[in-house]
Each structure stands twice: as C-alpha cells, then as structure tokens.
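You will see two complexes here that share chain A, one where it goes with chain B and one where it goes with chain C.
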Partner chain A sequence: MTTAPTTRERVSQRVPLWRDVIVLKWVTQVALLLVVLGTMWFLASQAGDNLRARNINTEFDFLERPVDIQISEGIDTHPDTGGRALWAAMVNTLRLSISGIFFASILGVVVGLARLSDNWIVRRIATGWVEVLRNVPLLVQMVLIYSALTALPRVGLDTGPVNGWLHISNKGISMPRVFIADGFYQWAVVVLVGVLVAHFVRRHRQAVQDETGAHTSPTLWALGTVAVFGLIGLFIHPIFSWLGPVFDGVADLLGSLPNAVPQVLLAAIVVGLAAIWIHRFISSRRSALGHLSISDDDCFRIAFTAVASLAVVALIARWTGFSAWTLNSGQDLFAVMADKFDVDGAARPFDAMRPDIIQKGRFPNYGTNGLSMSLGFASVFFAVVFYTSAFIGENVRGGILAVPKGQTEAAKAVGLGRGQIIRHVVLPQALRVILPPTGNQYLNLTKNTSLAVAVGMSDMVQVGTTVFNQTGMTLPVVAIWMLFYLSCSLTISVIVNWFNVRMRLVER
Partner chain B sequence: MTDTTPTEPDGGQTRDLSAARDMIVCENVSKWYGDFQALEQVSATIKEQEVVVVLGPSGSGKSTWIRCINHLEVHQEGRIIVDDVELTNDLRNIEQVRSEVGMVFQQFNLFPHLTVRDNVTLAPIWVRKKPRAEAEAEATALLERVGIPEQADKYPGQLSGGQQQRVAIARALAMEPKIMLFDEPTSALDPEMIKEVLDVMKTLALSGMTMMVVTHEMGFAKEVADRIIFMEGGQIVEQGTPQHFFENPTEDRTKLFLSQIL
Partner chain C sequence: MSELSSAAAAANVSGAAPPEAPKLPPRQWAKENLFSSPFSSFLTIATSMVLLVISRALLGFIFNPIRQWNSTATNMQLFFTRAYPDEQYVRVWSSLAAIIILTSVSMAVWRAGSSIPLSRLGRKLLAGAVLLVLLALLAPFSASATIQWTLVAVCVAAIGEGIRRSAGKGEDERSVSSLTVLVVTLAGLVASLWVVPFGHHTYIPSRQPRVLAESGTVALTTKLPWTIMLLIAVAAYLVGRVIRERLPLNPTRVTLLVLWLLAPPVLIYLVLRDPSFDMGHVVSTDLPIFAAYAVGGSLLLSWLTRPSTGEAGRIVAVVILIAGFCTFLTPMRMVVRLDMLLLAVFALAAPTFAGGPRNRKRYVLGWLGVLGVMSWLITAINTPSTVSVPGGFFIGGFSITLMVAVLTLVLSFPLGIALALARTSTMPIFRLLATWFIEFVRGVPLITILIFFSIMVPLFLPRGMHLGEVAAVVIGYVLFSAAYLAENVRGGLQSVTRGQHEAAEAVGMTTAQKTLFIVLPQGLRVAIPPLVGHCIGVFKETSLLAIIGVFDVLYIGRIVIPGQTEFMGSTKENLLFVSVIYWVFAYQMSKASQRLEERTGLGER
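For the complex of A and B:
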C-alpha cells in the first residue's frame, strides 16, 4: 500500500524541461541567435548572387583607380585616386565635426548660462539667439552666412587686416599654420613620458592635500608637469631616436613569423578570456563562507561562454586570411613607426609658416602655406556651431534648473561659497542631466555637416557623389558613407555613455 | 505625535538663562513676498544654550523667519544679529554667519551624488580647510553620535528617511556650529522614524547647543524647549515656557490653536 506523498514531496518534484522557465529562456535565446545569423548569411549570399546576375560591380577596386576631382580644401586638393579623394573628404568632414563640436559646446554653455543670468539684457539676447537659430532651417542659415561672406573684399596680393599674418577675404580666412615636422614623433615620446610622470605628481599632490588640508591643486600640477616635459622635449627629443631601430626589429620579427603564431596567440587569448570570465563568475557565486551555489541559469551561462569561445577558436583556425592580415598589418604598422623615427637628429618637432597668396589663373587665391579656411568651410562651420549652440544652450539651462533648489540652499547653509557650490554640488548633478541630450546634439552636428554640399565645400557626401558619378560605383560609395557616419556616431555615443555610467546616482 | 518619555516628570526644564549671552537678536524684522506680508515686526532674542520651539499654523511665517536667520531668505526691514554679526548685504558677514549656523531641512537636502561620509566632510574640507583624514575621523565620530556609523559608505538614496535626516544633522554639526536651526525636521518622515530623529535632537539640546526648532511635535516642545514662541499671520502672538504655553495660555488665538491640535 502506498502512502499519499507529503506536501514537501509533491512540491520538490523536478520540473519537466519543457516547463522549466530557465531552460525555455536559454533555448529561445540560442535559437534566436542562430536564426538571426542564418538569415544574415542567407540575405548576404542572395544579394551577392543577384548583384552578380545583374552585372552590378560591388568591388572596391575603384579606390585604386584614377579620378578627376578637385577638392575645395584639405590635405589633398587634386587627389589621384578615388580612395585618396574620399580620404581627403573624410578629413574635411572630421575637421568640421570636431572643431564644430568643440566650439558649439563652449558657445552652448555660454548661451545656457546667459539664459539663466540675472541680467535682463543678457537674458533677452540669449533667448532671442536660441529662438531665432532653433526655428530657422539650418540650410537657410548656411546659405545666408555664405552669401554674407561673399560680400567681403576680394583677395589681393597685398590685402588683409594684418598683411602677411591674417587675411580675411571673399576667398575665406587664412592665418599662420603650425604643423608637425620630422622630429615630432620623438618629441611625442617625451610628452608621453611626461604624462606618466604627471600621473604620479597628481597622486602625490592629492595625498598631500588629503594629509594637510592645504589646497594643492593636483590637476594644475599635473598639467604643468606635462607642459614642462613638452618644453624640455623641444630641445632633447633626439634622445629617443634609438626607438627607430627597435621598431624596425619588431617589424622584421613580425615579417618572419609563420601564420600559425597569431592563430595560436588569438586562440589562447579567447580561451583565456573565457576561462577568466568563468572563474570570476563562479567565485562571484560563492558565499562569504566559501559555499558554492550555482543555479540552472548560471550553468547555462557557463556552458554558453565555453561553447562560444570554442566557436571563435574554430573560426580563427579556419579563417587563415585573418591571421595573415593581422601579421601583415602589424608589420606595416611597425615599419611606418620605424620610418617616423628614422630622422636626422636635429629635426625640429614643429614648424610654422605664414599664409601666402598665389596667382595661378586669373584670380589670386591662398596658397598652401597658411592655415586657410575656405568660404564654404567657414559658412558650414559657423552655421552648425550657431545652430547647435542653441540646442546645447537649452540642454545646459534645463540641466541646471533640474538641480533642486534645496541642494543650493543646503550647500549655502553649510557655508560653501558660490564657486564651491557650483563645482561640488550643482555641476555634478546638472551634468548628469545635460550630457545625454548633448551627446545627441553632437551626433546631429556631425550628420548636419553633410549639408556642406549646398555651399560647395568638399565633404564626404559631395566628394562621394562625384566619385560614383565618375566611376559608377554607387553601392560601394554608399557603403563607405554608411560605415563612416556610423563609426562617428558610435564613437560619440560610446564616449557619452561612458560619462553617463560614471555620473549615475546610486540608489537602492 | 510620538510618545516621548520626558526626562523630568513636569515636562519642560526651567533653566535660568537670563545671564547668558544673546546669540540671535531680531528687531522688528519684516518681509514681504510681493503684496503679501510674510513677517510683521518680529522681535525676539535667543540666549546662548537656549532651546526655542516655534509653533504655529501653516503659513504663519515660522519657516520664513528661521530661514532669514541664515540669510536663505532676505528680510527687508529690521535687523538680525547673529553672534554679534549683523546680517546685511555684506557677503563676508553672510558667510561668517552661515558657517556658525547649522541648518536641517524638512526635505533633508543631502547631496545625492556623494556618499554619506563625503556629505559630512564636504564643508569641513572646503570651507574650514581641514585635512581629509581629520575631517573623516570627525565624520565617523559624528555619525556614531547620530547612531549610524555603519552607513558611512552608502549613498543617501540607499538610506531610510530617518537615517537621511540624521545624516543631515551630522552634516550640519560637522561645521561645529554655535547655533542649530531645524525647519520642520520630522514632517517628511514616516511615524516610526520620527522618534529616532527627535532623540538625536534631544541629546543635542542636553549637550548645550543653542537651538531654534520649527516643528509640530508637541511632545518634543513640552519636554525639551526652554521657551515656546507661537506665531500666526507673520507675527509673534505669544511666547513663554512650555508650562505656561500648554497649561494657561493668555491669547485667544493660542487657545484656538491648542484646541485644534491637542
């Protein structure tokens, strides 16, 4: 005769697999992963077949073929090949975006603070600035600035507000240019050493401050250290010329290695990382007394990590091209670095030149000596900086207003001064509100520079269009555009997210 | 209202403070918000070591008055003198007064981006220019005094309301103030947390701190206060010892107020 099971026995029965939430979760996850990978592979092979069937060329060899393009400004105004043209255009776009982000941030903070000013006139001007710039289309502003700039006096061989130093004319703005010369890389090593030393100086000053309470401004000291090393480096940089042969040796070594070495190395790294992860994971599941409790979910995680790392190892072993590529590019990299150090001992790290004006055809224009900003560049630059500053200003204002009034009152009540309240109480809390939307504005600014095509400035989009008109390679150029803008956006969002994580408030 | 166990059965200590120094002197202080007069000719003198509880219905100007004393609100007429320093437009006077007067707010107003320890040490390090180690040792001692030394490395968002308010008291005490102002310190707390905060305030009062407390805790007022000031409509209506105030008030408005709350 069997007795009826007790409550405990009935409850502790093993759940069947098809009803186990954790098993179901992992099975669906892995199945979904496989479906996504399979679909991507299927679509890619279909697209390849179809493109080949229609004779649409998707090769990137046009990058090596000659084109006939004139670029308005930048590192190369008459590029030989399509690849070089796109490269020069990319540099132009990056110059616009980076300088734009820098100045738009500064101006935006000024506008945002002005909006909160106690001064009636300042507040009204800032409000007007924001309202006008936000509500007029960017393209209209860009064309307006462009037409205003064309009304400037013509450039001549003897014109400019400070002749020989600064020129402003209907060809743009030109000023003296400081550029890096042969000795730069040796000097950069000196500065790198300075940064390392500065790190320790900062730590030391901080320790002194914590010990004695004296305000030792550790950050200023660190910056000063770097500056001192930079100055001294200007004179002693040739002491690092021995790095050239070292790099040469590394390049030779990489060239003589067999393909198997990076394969083994990469596989070892992948397996090692997986092992470390699993080890850490298991110890994180251990209680203070050393008792190990691993749930079903944890088992699945460990298994998935192990299988995934093995899959990557198999991929590395199968795909020999990748290993060869890492070897070759490593060798190239060190050869290039060796070249940079293979200079005459007395080479200067920096050089400077004054702007020049040359007359090639009918009209005089700026030569390549000075740092010149073409009319097109200037109009895109000012347009995106003004436009974005209005939005960043609103973010700054909103962020500061988002800090509760009680915070400033509490800070006042413990006796902190105005500057200390801003630095220690308001700013850390406001930044956390300001940063995410401002990151979006940086992304917008970068994408908005593509409007440069309207004022004839050679950016990525304008040059790309010309390249595919001349070569017929639409798809590859579009792919390059997408890759470029995507990498810019991802870089910006990675940086902004990093700040966000650091700024996050800890709550229960 | 919490049930507090009075240290003396009759409630209210009757200390003789007439010989003590004047810590806060208010002379005919008036303040307007637009047309609305928030304070009307408020005059009072608070002695060293005295504990004054300010009572009154909401909107009677209690908070405005206490906030005028460390210049978070600016009075428009009359004089306020704190520890022989007059509050004028002089920034130096304002900063001097603020570093001698600690304040505890209804909403705690802890700095959410700093740990409890950093909340307490911020002002000593940056205003008093104390070495960090010394400031942190004092912070630990203060947190022990308010009964939460184990929470030092947590953030305010991880603490309960009562714990947060005790951190706020420790933060104010870290500046070694001569006067403590409490602006409804228990009004935002759950009932079971009120006692822990009141206990801290009681020990502080017994240690001889000059205190000015705006509160609705009648038990605390009866037990700890040297003097009760009753305000209504921006004016001081009546003041006296707790015994006088609760047992035979003279003014009709005071009687009405007491009949509503007791």
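For the complex of A and C:
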C-alpha cells in the first residue's frame, strides 16, 4: 500500500541537485570562501618565503629590544625599547584626537550657526570658510600651516606675546599648565561625596516638580551642589586623610588571600554576566504578548555567548597566573592609593606652572613646566580642527534646517520660552540628524591624525615607520597599527551609537 | 477637473525657477542684512575689522617683494608633468585635446549649461569691480599699480553697468548662456597670454644658469597650444551640437560613455607612455592568442546565449571558471590566464543576456570589444616605453594626481558595486566576508594602507614578478576606495523599494537579471550625489602619495622645488599654488554635483 507523496517529497523529486537553489547558493559561497582563503594562504606563504629569504623574522620581541628613536613630545622623548616608543606615540595620537574632537566640535557648531545667521557678512564668511577648507586636501593644509609656523620668531629666554606666560615661537607653543598636585585625591573624594549628595538633591527637586508643576530646575541644582562641594573641598580636603591607612589595610588583606578566591569570583562574574546578557537578549526578542521568536542568527549568538563564557571560565581555572596577577595588581592598586593619601595635610589639590625655557647647549627650548606643543603637533592640530569644523558645520546646519518650522511655532503656541524651545524642542530633533554624520567625522579626524607623519610629529604612524625601518619588523608594526586604529574606531562608534540610541525617536 | 488643473499648476510651479527675493534698495538691504539688531551690528563691525586685517595680511604676504613667485612660474612644467621630455611634449597636448574634445561634445550632447539673466551678470561684474578696488587699496602696491588696478576695476564696472542697462526689464529680459560666459572668460585669459607681459620663465637643468627669465609675454610653446585648445573646445562643442541634432540620442550617449571609460587607459598607456611595439613578438604571440580567444569565445558565447541551451550551458560555464582558476595557478603567460578568467565571467553571465539573434550578436560583440581592449592594453603595458624620464614613473606632478585618481575610481567602481551587492545579499558567507572587509578597511587610515602596500606587495608576489611602486600603491588605494564606495552604493540599493524586487520576481526574472536591470540602475541613480562626493575625496586624498615618495604635485611643491639651489625656501609660495590647483578642481566638481542634483532632483528624497 503506497501513500501519496507529500508536497515536499514531490518538489525534492522534481528538482535535481544541480538545480536546487539552496544547494547552488551554498556551493557558490563555500567555493568563494575557499578561493578567498586560498588566495590569502598563497599570499602569506609567498610573503613568508620572501621574508625568510631576506632574513626578516616576524616576531614581536622587537618590542622589548632597545631602539634609537627620538620622539617630538609626550610622555617619553627618549624611549628605551620599541614597545615604549610605540606606547608614547600612541599617547600622542590619542592626545591629538581627543583635543581635536573637542575643539572641532565647538568650532563646527560656531560655523554651522554662522552659516544660518541673519547677518549677511557672517553668513558669507562662514560659507567661504566651509568652501575653502572642504575643497583643499587636508595634507596640503597641514604642510602649509607647518611652513607658516616655521617662520615664527626664534624662541628666546624672555620672549612671548605675553611675557613669560604664553610663548609662540619656532619651537612651538607653550602656555601655563594646570596639573593635579598631591592633595588632589583627597579633594576628589570630597567631590565624589558631592556627586552622591547631588543625586539625591536632583531626585528631590524632580519629585517636587512632578508634584507641583513648579520650575525647580533639578539639573541646575545638582550641578550647583557638586560645585559647592568642589569649592568647599579645596579647603577641607585633609579631612579624608584617614583613608590612607584604610587602603593600606585592604592591600594587606588582598596580599593574604589565597589564589582560589579571585578565581571563583572572576568565574562567577563571567558566568553571571553571560547569563544576564542571554536573559536580556531572550526577553528583548519576546513580543508584547510574550511570544518568543528567535532566528537562527539569534540562536547562534546565544550559543556563542554561552560557549565563550565557559571558555573564559576554563581559561581562568587553568591559567592560575591570571588570578594571581589580579590579586597582585589589586594589592598594588590599593598600596598606590594609600600612598596617594599619605600626604602632608596642607598639600594643594591643584597647582599651576608657567612655561619655562631651558638652554641646552646652544639652542634654547621649552622645558617641561609648561603645557607645550611642538610645531608638528600644532600644525596637525590646527589643520585637523579647521578641516573637520567645516564638515561638522555643514552637519549642524543641515540638522537645524531639518527641524520643521511648525515645531518651533507649536512650541511658541504652547507658551514655551526661547531657551525652552531650543532645549526641549529644536535641539533634540536637530541632534538626531546631526549626531550620526558627526560621529563619522570624529572617526575621520582620528584617522586623519595619521597624516602627522608628513610634518614630523611623532604619532603612531611616524614612530611605527621609524621602528620598522630600524628593526625590519614591517608586518608586526602594521598589525599593531591596524589593531590600534580599529579599536579607536570601535570605541568612538560605540560611544556615538550609545548617544544615538538615547536620542532615538521612541515610537509606540 | 479642479484636481487636474491643480496638478498641472503644481507641475508648472515645480518646473519654473524659484521666485527671487524682491530686490531692496541698498540702504534698506544693509539695514536688514547687516544692522538688524545691536548684536548684528556689533557682529558686522567686528567681523569686517577682522576680515580687513586678515586680507591685508594675506595680500601683504602675497605681494611681499621677498616672495619667490618666480619659482612657481619657472617650474610650471615640473608641476604638471614633472620631467616629461620636451621633444615628446606633443603627446601631453594631444591627450589634453582628447579630453577637451570629449568634454565639449558631452556638454553639447547632455545640454550642459544654464541661462543667466543679463541683469544678474551685470550685478556680479559690478560686485567684482568693487572687490577689486578694495583689494587694490588693501594690497601694498605702489601708487601707479593701485591706479592701474583701479582703472581695470572701473573698466569692469563699466562693462557690468552696460550689460545691466541693456538687459531689458520684466518679461522680455534678455539672458545669456553660461557657456557663452565661460568661453568669453577663457578667451580673455588666453588672449592675456598673448598681450600681458607675464614674462618668459624656464628651468633648464642641463645649462648654467639653469633659470631663464625674460621679460615679454610667455613662451610660444605655452600660448600657442592653449589657443589651439580653446579653438578645439569651441569647435568640438559645435560638432557636438550637430551630433545632438542629427544622430539618435541614446546610442550617441552610450558611445560617449564608452569613450570616457576607454580614454584614461588609452591616453595613459598608449599616448603618454608610447610603448615601442615589437612587431615580431606581437604577430607571433599576442595576435594568435587574441585570435584563438576571439574565435573560440565568440562561438562558445553565441551557443551559450541561445535560450534553448539551458542546463548544459551552465555546466560548461562552471567548467570554464574552474579551468580559469587552474590556469591561474599554473605558470603560463599572464594574458592567457586573464583572458580565461574574462571568458569565464562572460560565460557565467551569458544566460542573463540570452535572447534572439540581435541580443546574441550584441553580446558577442561586447566580448570581442572587451577582449580586444584588454589584450591591447596588456601588450602595451608589457612593452618598454620610448619616453625616457630620469628616475621614477614616466609622468609626475599634477598628471600623476589625475592619473591615480581616475584609475582608482575606474577600478574601484566594479569592486565597490560587487562588495555592496555582497553586503546586501541574502547569502551569509558573502555578507560576512564583505562586511568584514568593508569595516576593516574603513577603520584604518589610508596612509597605513598605502605604506603597507608599497612595502608589502613586493613581498607577496611570487619570485620573478615585479610591480612598480605606483602600481602597488594604486592597488591599495583601489581596495580602500572600493570599501567606501560600497557603503555609498549600499545606501542607494537600500532605497530601492520592496515592490520593485517583487515585481521583477513576478515577471519571472532571475536574480542576476533583477539585480542588473532593476535594482542597480535605480540604486545607482539615487547614489549619485554621495558618489560624486566620493570622487572628490579620492581626488583630494591622492595628495597622500607625497608621503610615500611618489612625485605628485604636493611632493614637487614641497620638496623638489624648494630643493633647487636657486629657490631655497620657496615652500610657502609653492604650497599656496598647489592648494589653489586642488581647490579649483575640487570646488568645480562639488559645484557641478550640486547643479546635477538640482537638475535631476536627486538629493530631495
């Protein structure tokens, strides 16, 4: 007795293997994957042969070996090893990127607002600024600024536009530096307490506002509280000097703990985090009625998270060095903290120094007292800030124009004031348009600082080039570059995405 | 009825130019735009002061007698073509002429240009004259020079006022084509070469003193070619108009586009590089290979494009693809391997273009054309050049900037589209590979990629194979550009609505046909504005070649010229000139893209 074939059986009978779309698709994909992997393997083996033929090895031990590199500025101008040199260069690049992003944002907002100004001449200047800076390559601007800066007067022992306070010369720019002094950590604890109090103040004011409808400006109050604490802290911060012995005690305690404690703790944290993530992920895939729909991709993610967390636990269990290291570094951390609090009661939290000029040999140069930037740093900084400000300005302009006029009019009709309209109606909507492209500009700015190699400023690329010229380690240095820039890009995009999600229109 | 008429009215309104703001008398205009509030008045005064100080400083810098502007004037040839030999310079001019002819004909065929009302033109001239007087007063000129420039400004103002008066009023206001204005301006510039004593500057390295500077007008070898170029441009435009009237529009446009695509490689590798073909080798090796592929491939493709071929055709195509990979891994002539891969691509795409005899003939002709161009180019690239240039690549300066930009764009375009399609595809491995590649490349600065390729490509190649530095750098640049291009194209592809996909499937199109004939044309159309922006970016970022040590325009302006003993320390002048060159080109491109967006209404979505 034969049963009639089901539809699926009939279909599978009718389609031969070589015409089955699914099979064809997978064969093509696997073939492509094989081709890509094969090409990479081929290239890698070629490179390996060639490198071996030239006696170049590809290991990372050059990071430990001494090099002869001079770095233009930063935390270490005469590093001992290749690794230290790259580290100093990385700090330089980060300084450049972060300060560049900060100033480019401010200038960009100014440019964007100026382009929308009622004033004809301001509008025209802003347009000119954007059109000129956007259409000249950044590198050309950078070397032009550099060549203009080299024409500055020579540095002397008592020169500068504001004598002794600000130096602008052919050695760069130097200005007074404010830095944290011995009493800072005690002061920081006072401010921390202030932040805690401010949180409660804010909650209270918000509750009052919600209840009565009166304007209680909770944010302003919270900020004011922190400021008051900071101000008072300047005078009373030694009251926290008792924290030093406490930290000492914690450090001793950590030193006496057995190795198993951090192992168990770390494993519990990892497993707990993974469990929380999976739980949240599953509940985010649940519809309002509780219906769960999980795609293959989601299954894969959940499985991957679980497996990865278990792998980390296994690693922690097997690799006892890591937990020992956590214990040791925890102990060190608290010992350092105790050290920070073990200061003279009258130490100031902040201090400032005027720039100094030292005469080393025949040529005077800036000392380490002031906040100085070399010519290379200055030219990269100004070029990058100006260039990016033109693009950010266009984003700001577009974002503000994208808010419909009706929104402002409606807000006026409801009786909101000018500041309230901007804060609660225009800005949130404009930011939604402005932020994503501006985040892209931040990424571009960070990548563009790599052009510093053209003006001799010691950034990642310049120092990397010197290192591989001296040691022949091209591939490892390139790998370090890629890793560094990729993690920078990733960090920035994570931050920008976080803002984007917060800003996103909440729809029903 | 009312609905219809209102629709017609709406269409009419959208077709007409936007209404101009009513013209105010100057005093009222100033009150409204400069002094509308106390803050605005303060801004006006403060910014004009700053502007005056800055322009005074800038003019003081430019016209300072210690500036070595003659270093720029003397090295003009170096800036544009580096050490291209003088006796072969006619090649440079003929390449330029070819580009100019193509541009002019395309402008005529695509009806470029707009009409400018005469009154607006007049007002612009008047404003220009006022600006000129201001600048002349600000610049550190001698009294006679100031008077001279003021006289020039007065002439300009008089012309502007004359044009404004003759413009007419209201409905019968006369206007002029923007192309006429362009030609008149260019003619004025070219005429100034014959009249104004700019001086004759040259740099001859083989002689002492090496710098030659004579008074009088510029050299005949400069002004004569430029005059011819202008005449060629005008003539080509007129020819283009005749073509537009006489010939069918679409085939003309397609032909022009193909010519634009062919122009860069042909001009660079055949005209400028001038390979000396070894006829014996060509006849004994290259021609037979070409003939074999041409005949065999044509027969195969005409069989494959027959709709009745069916399954067998696909299997044959796959076999050819595998054969292509196999030949690639075996030592053999490069032409043979590349031709095999090309044939495999054509064979795989054949069912998409299958149809009647006319379609099949067209497809085979396409194969023959692509094969012919490729064979010719490979032969040309592999033949030694007769142009002897000391050190480095055969051209340099601005030419290499343009060359690298154009080659990068042309090569990265197909790659970028392929990446975008892979990233939007439903097949996970394709999507994953494309996404990884794109995100990786976009996360890394261009300069690291260029350094990596200039150092590592020689290491990746099998022994015995060589690749010039410029070629290695271009490969890296192509990969970089393709990743960004793919993101732009992806934006366009995502704007194609679901209904289009579904409709294409409902008609019975295969995935390839749907992609080629439905999705890509619409998606690319939407992606035009960001793509033009990408082109400008690629053009600007060719300046990074200077860091690698390629003799591009920036390297020459920054390192080469200030290194000549006669012009020590002329960096600022030359860098300023370089930035002006870049600015003029990039600004014109961005303006053109804005006009394109306005004309086609592309940006308004």
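The rule we apply is simple: the second predicted complex is superposed on the first by the 316 of 508 C-alpha atoms of A that agree within 3 Å, B and C clash if a C-alpha of one lies under 4 Å from a C-alpha of the other, contacts with A are read in each partner's own complex, and residues count from 1 in each chain.
Note that a contact is a pair of C-beta atoms (placed from the backbone, for glycine too) under 8 Å apart; a residue touches a chain by one contact, two chains touch by 3 or more.
Bear in mind the structure is a predicted one, so any value in this text is a computation, not a measurement.
Set against each other, chain B and chain C touch different numbers of residues in chain A, with C touching more. By the touch criterion stated above, A:V461 is placed in contact with chain C alone, chain B being left untouched. Once the two complexes are overlaid on the shared chain, A:P137 sits against chain C while remaining clear of chain B.
In the superposed pair of complexes, A:V36 makes contact with chain C only, with no contact to chain B. In the superposition on chain A, contact of A:G213 is made with chain B only, not with chain C. The touching residues of chain A, when paired with chain B in their complex, are 209-215, 404, 406-407, 409-417, 420, 424-425, 428-429, 432, 503, 505-508. Of all residues in chain A, those touching chain C in their complex are 18-19, 25, 28-30, 32-33, 35-36, 43, 46-47, 49-51, 117-122, 125, 131-132, 134-141, 143-144, 147-148, 151, 443, 447-448, 450-451, 453-454, 461, 465, 474-475, 478, 481-482, 485-486, 489-490.
Across the complex, chain A is touched by residues 33-34, 36-37, 40, 43-44, 47-48, 51, 311, 315, 325, 427-430, 433, 440, 442-448, 451-452, 455-456, 458-463, 536, 540-541, 543-544, 546-547, 554, 558, 571-572, 575-576, 578-579, 582-583, 586-587, 590 of chain C. Residue ranges on chain B touching chain A, taken from their complex, read 70-72, 95, 98-99, 101-103, 105, 107, 109-113, 122-123, 125-127, 129-135, 154-155, 157-158, 168, 171-172, 174-175.
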